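Each structure below appears as structure tokens.
What follows is a pair of complexes built around chain A, which joins chain B in one and chain C in the other.
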Partner chain A sequence: MSSAAYRRVIEAITRVRGVRGAMLVAAADGLIVADALMEGVRGNAVAALAASLVKRVGNASEASGVGRPHFVQLRGTEGMLLTLPTGEELLLVAVADPDVNVGLVRLEMLRAAEGLA
Partner chain B sequence: MKPTRVVEPWAAPPLERFVAESAARLVLLMSPSGQVFAQHGFTRAVDVMSAAALGAGIVASTGEMARMVEEPSFAALNHQGAHHGIFLGSFTLPRGPMLALVVYGPDSSVGLVQLFFEELVRDLVQSAPAPAPARPALAADFENDLNESLATLFRT
Partner chain C sequence: MVDDLHALRAELARDPESLVFLRLGEMLRVAGEPDAAARVTLDGLHRHPHLADAHDLYARILADVGDLERAGDEWSTALSLAPRHGGAHKGLGFLAFRQRDFEAALEHLELALASDPSDPTVVQALHTVRQAFEDRMAAPPASAAMGAARQAFGGLEGAEDGLLLVDPQGLVMAGRIAVGGVDQGEIVAAYLAGASQEAARTARLIGLGDWTAILAEGPAGHVHIAPPTPAALLLVRRDRSVPPGRLQIVAERAADAARSWLEEAAR
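== the complex of A and B ==
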């Protein structure tokens, strides 16, 4: 799949009201594969921290016996970070306002993940 | 806790912050000729000297390649292994160009290292004093300076 095709898939996530950007991130490296971000979103920082978060949460959840996470949601005072691992290598990441409709974003992220498969 | 050692105290807080945030295992901050001014994680002087010489050599080699392909320079290099990655980054302090060699494990990533490397450089530039006036290089001074630096880096 080309970089433009990846971008088309993730752009659907950004159409949800309150989403500031979406990215496809290499899970092992924390580097951006494709992105569609509003101005002001620090893509490199979000990608690196999202990959680190999923790795650490994954280790903790596996150690506690509940297995690898299917979806990681981090709610902060200024916004929300939503992460969906797609296979072993890629993460779908969305950055959104704190009051975003999480269910709708998650649905779009699942659809995007299907489009990547 | 692995030690952070610095030849010049102003370099310690930025380096400690970088290590804490990036989860780097080993770090060398040095001049392009391999003269180390701060390190984290190394316990033997011989390892520091070898890593500094090899890192400086890699950057010199790729710098020459950059020149051949008419690139200004390569800002950073990353070698990814199965268990460890090596990141080599160039930056500039008021006293001149410098290099950082960072070894990270599976608890970090090149994305994290790159991200916090940018902050490390900003912190170092803010903390670094103005360059001292140049003095003539004497063989005896060089040996004394080298021994003092190694003693500081390893508390020998």
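== the complex of A and C ==
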């Protein structure tokens, strides 16, 4: 799939009100594969930090007996980071406002993941 | 050395856009002049904000003066610009080890070694971290944790299993997480060491404010991780019969109980 095709798939996520941007990231090293971000969102930082955080949370989650997470949210006072692995190698990432409809974003991320499969 | 400093300063004065600021900043840092080193490096960073080496240098200057939090931010920025940057991995490995987050320390140091296999300081650091990690994994589970859990979470749903309170160094303070009847609390706690700092850094660097919670949904259940106080981390695990929204409520109640227990223990 080309970069433009990846971008088209993830752009659907950014149409949800309150989503500041979405990207597809290489899970192993946190490099951006494709992105659709609002101005001011630091794509490189989001990609690297999201990949690292998901790996750490994944280890704790597996040790807790619930298995490798298929959806991870980091909630902050001024926003949230939502991630969804797509296969072994890629991670779908969205940055959103704190009051975003998480269920809707999650749905769009699942649809995007299907589109990427 | 003084001659070298003069020469580098002169070269930088002739061409302020030059990357010679990296050598000058490093030389000043090694000479024990952190303020001068920081000035030179920040000026260079202003001109070259996407240069990973400059963020790494500034991080080391900050670490020298004890500002480890900002050093961590700078190394994270360096990695976001150059994911295989050996210096940044070495620095973050050092920070992770200080926080007793041995798994993250090992990961960063192994990547640092891959970047420069001849660096003896990384080889030695890896040896130290591996030994500390093995010692922790061999430690017997804290039998007092269950008693503490009854005090901290008594009356709460899942007080006997599924709530774990850990300190920033990854040690269990109260609670139990059993998998197949075997308590995995020590292992989960070890994985959580440094998670609070990483979540805080991630939230800060990407504009999410202060982090309040992490929710992870897995095939066999969900975990909710939150800091009831700045010096503690609470993990709540429930199976898939408990929806994430309900888990949030359970986690908030458990966090209130943990805060009260920690305040009581501090008296």
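In this text, the second predicted complex is superposed on the first by the 117 of 117 C-alpha atoms of A that agree within 3 Å, B and C clash if a C-alpha of one lies under 4 Å from a C-alpha of the other, contacts with A are read in each partner's own complex, and residues count from 1 in each chain.
Just so we're on the same page, contacts are C-beta pairs under 8 Å (C-beta built on N, C-alpha and C of every residue); 3 or more make two chains touch, one makes a residue touch a chain.
Quick caveat, the model's predicted, so the values are computed rather than measured.
Engineer: Tell me the contact category for A:44 with respect to chain B and chain C: first, second, both or neither.
Structural biologist: It touches chain B and chain C both.
Engineer: Who wins on chain A residues touched, chain B or chain C?
Structural biologist: Comparing touch counts on chain A for chain B and chain C gives C.
Engineer: Name the contact category of A:95: first (chain B only), second (chain C only), both, or neither.
Structural biologist: second
Engineer: Touch test for A:53: chain B only (first), chain C only (second), both, or neither?
Structural biologist: second
Engineer: So, does A:30 touch the first partner chain B, the second partner chain C, both, or neither?
Structural biologist: both
Engineer: Now for A:81: first (chain B), second (chain C), both, or neither, which partner does it touch?
Structural biologist: second
Engineer: Of the two partner chains, chain B (first) and chain C (second), which one does A:68 touch, if any: first, second, both, or neither?
Structural biologist: After superposition on chain A, A:68 lies in contact with chain C alone.
Engineer: If I apply the document's touch criterion, which positions on chain A are contacted by chain B in one structure and by chain C in the other?
Structural biologist: 29-31, 44-45, 47-49, 52
Engineer: So in the complex, which bits of chain C are touching chain A?
Structural biologist: 76-77, 79-81, 83-84, 103-104, 177-180, 184, 187-188, 191-192, 194-195, 198-199, 201-203, 205-223, 225, 235, 237, 239
Engineer: Touching residues of chain B toward chain A in the complex: what are they?
Structural biologist: Listed in rising order, the residues are 80, 107-112, 114-115.
Engineer: Across the complex, what residues on chain A touch chain B?
Structural biologist: These residues of chain A touch chain B: 25-26, 28-31, 44-45, 47-49, 51-52, 55.
Engineer: Hey, which residues of chain A end up touching chain C in the complex?
Structural biologist: Residues 29-31, 40-42, 44-50, 52-53, 56-81, 95, 98 of chain A touch chain C in their complex.
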